[in-house]
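Chain IDs A, B, C and D follow the sequence of writing; residue 1 opens each chain.
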Amino acid sequence: MIQLLYFARLRESLGTRSEQLEWPVPASIAELKRQLAARGGNWHEQFADNPSLCVAVNQQLATETATVQPGDEIAFFPPVTGG
Amino acid sequence: MIQLLYFARLRESLGTRSEQLEWPVPASIAELKRQLAARGGNWHEQFADNPSLCVAVNQQLATETATVQPGDEIAFFPPVTGG
Amino acid sequence: MTVRVQEADFDTGAEIAQLRLQYPMAGAVVAFVGQVRDLNDGKAVSRLTLEHYPGMTEKSLATIIEQAMQRWPLLDATVIHRVGELPPQAQIVLVAVASAHRGDAFAACEFIMDYLKTEAPFWKREATSEGTVWLDARDSDQLSRKRWQ
Amino acid sequence: MTVRVQEADFDTGAEIAQLRLQYPMAGAVVAFVGQVRDLNDGKAVSRLTLEHYPGMTEKSLATIIEQAMQRWPLLDATVIHRVGELPPQAQIVLVAVASAHRGDAFAACEFIMDYLKTEAPFWKREATSEGTVWLDARDSDQLSRKRWQ
């Protein structure tokens, strides 16, 4: 299992804040995004072709090539706007 | 007449804080420095060969070529060290 | 190092004083205070709401401060960032940096703000007369950060 | 614009708050606070005495702020500088700058400090265990100012 978190505009678009996902073997963030995009609708829109989407693996900023291990906490969010 | 002011290390070296000086016609800061250096002793040391000496004419930083008019306030001081 | 993410307001003067009084060698404190503006892109702002990613936010801010400390000889730094609902003219963020000399404190304070603006997981939603919108990231903030690379 | 030269201490938090609360468009305040260090060149400092040139000091500080305002789109700036006898860890100087965006406030605050350090007529005399000496101007301060030319 992995823990998925969604924030801000992305959270509102998807209508969910967090979920648990089956994740039996390590695979890349790119693969996780493909799986989420395959849900269609807003999921496709947010994960298939959204170059500004940001991701953190275990609370550290990461890129498409990062590996997702079972047990990881993965967060997706739009570019940050604090400060 | 002109009003002369001395500050900080210069004031201590000369043993005076201010004085009035006869100054009948306009002349340069360089000329004023020559007159003060001619007093000899510490005056010579401070005004004849002291490239770091600063000068203000009527409370504005100035250079050797600035003109001193009768009635002006002329201040000499070492480089500033505030802040 | 002090990092706090909180709903409550903070006392800028007390934070700056606490920072410098801990360090008798500190000749310089440079502080940045961010304030909610009453106008953004010409629209009157009635409220700003700040969402964040609890846990990651604090780690991210600590990492940014550590990077600044590796880069400049700093004595210490404080970052306080508010979350939740903020009215116009509320304080949003304080970054305060203490160092022996001012040049290092200026550079590090601006570095921390530039990285905070582009890497710390905060998101602003703005309520104006035209409704409520999530703010877009600014290219100028990315450019400001890239200067340090 | 606020310029004050005074013996009394000042309230950094109150000055920063007053500056930003006057300007609802101010997104950023950058402040510099200078503190008397307890050590200088390895010697313990027991007291710093600041002499100045009354009249010229205030004009000089106002001119420096005006130059900064011509250079960057600032909303306002405050400079307070103390004179007289100051113990270690006393506040010496506050420079606070308000602007819509942070980059302008950072640049202007550092510009004002760099010019203050090289043009405003203040002189420091330091009392240490080895006696009382007038401080020498630092080449690094001249170099900092020259960056802006």
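The criterion applied here is as follows: contacts are C-beta pairs under 8 Å (C-beta built on N, C-alpha and C of every residue); 3 or more make two chains touch, one makes a residue touch a chain.
Protein names from UniProt, one per chain: A, B = Molybdopterin synthase sulfur carrier subunit; C, D = Molybdopterin synthase catalytic subunit.
Treat the numbers as computed from the prediction; the structure is a model and nothing was measured.
J.: Steps needed, at minimum, to get from chain B to chain C via touching chains?
T.: 2
J.: In angstrom, rounded to a whole number, how far apart do the mean CA points of chain A and chain B lie?
T.: 72
J.: For chain C and chain D, let me know how many angstrom lie between their CA-based centres, rounded off.
T.: 23
J.: How many angstrom lie between the CA centroids of chain A and chain C, rounded to a whole number?
T.: Roughly 26 Å, centre to centre.
J.: Rounded to the nearest whole Å, what is the centre-to-centre distance of chain A and chain D, using the mean of the C-alpha atoms as each centre?
T.: 48
J.: What are the residues of chain D that contact at least two other chains?
T.: 34, 113
J.: I'd like to see which chains touch which, written out pair by pair.
T.: Per the contact definition above, the touching pairs are A-C, B-D, C-D.
J.: Using the touch definition up top, name the residues of chain D that touch chain C in the complex.
T.: 11-14, 16-17, 20-21, 24-35, 37-39, 88-89, 100, 102-103, 105-106, 109-110, 113, 140, 144
J.: So in the complex, which bits of chain C are touching chain A?
T.: So the residues of chain C in touch with chain A come to 34, 50-53, 55-56, 59-60, 81, 92-93, 113, 116-125, 134-137.
J.: With touch defined as at the start, can you tell me which chain A residues reach chain C in the complex?
T.: Spelled out, the residues of chain A in touch with chain C are 5, 7-9, 12, 52, 56, 59-61, 75, 77-83.
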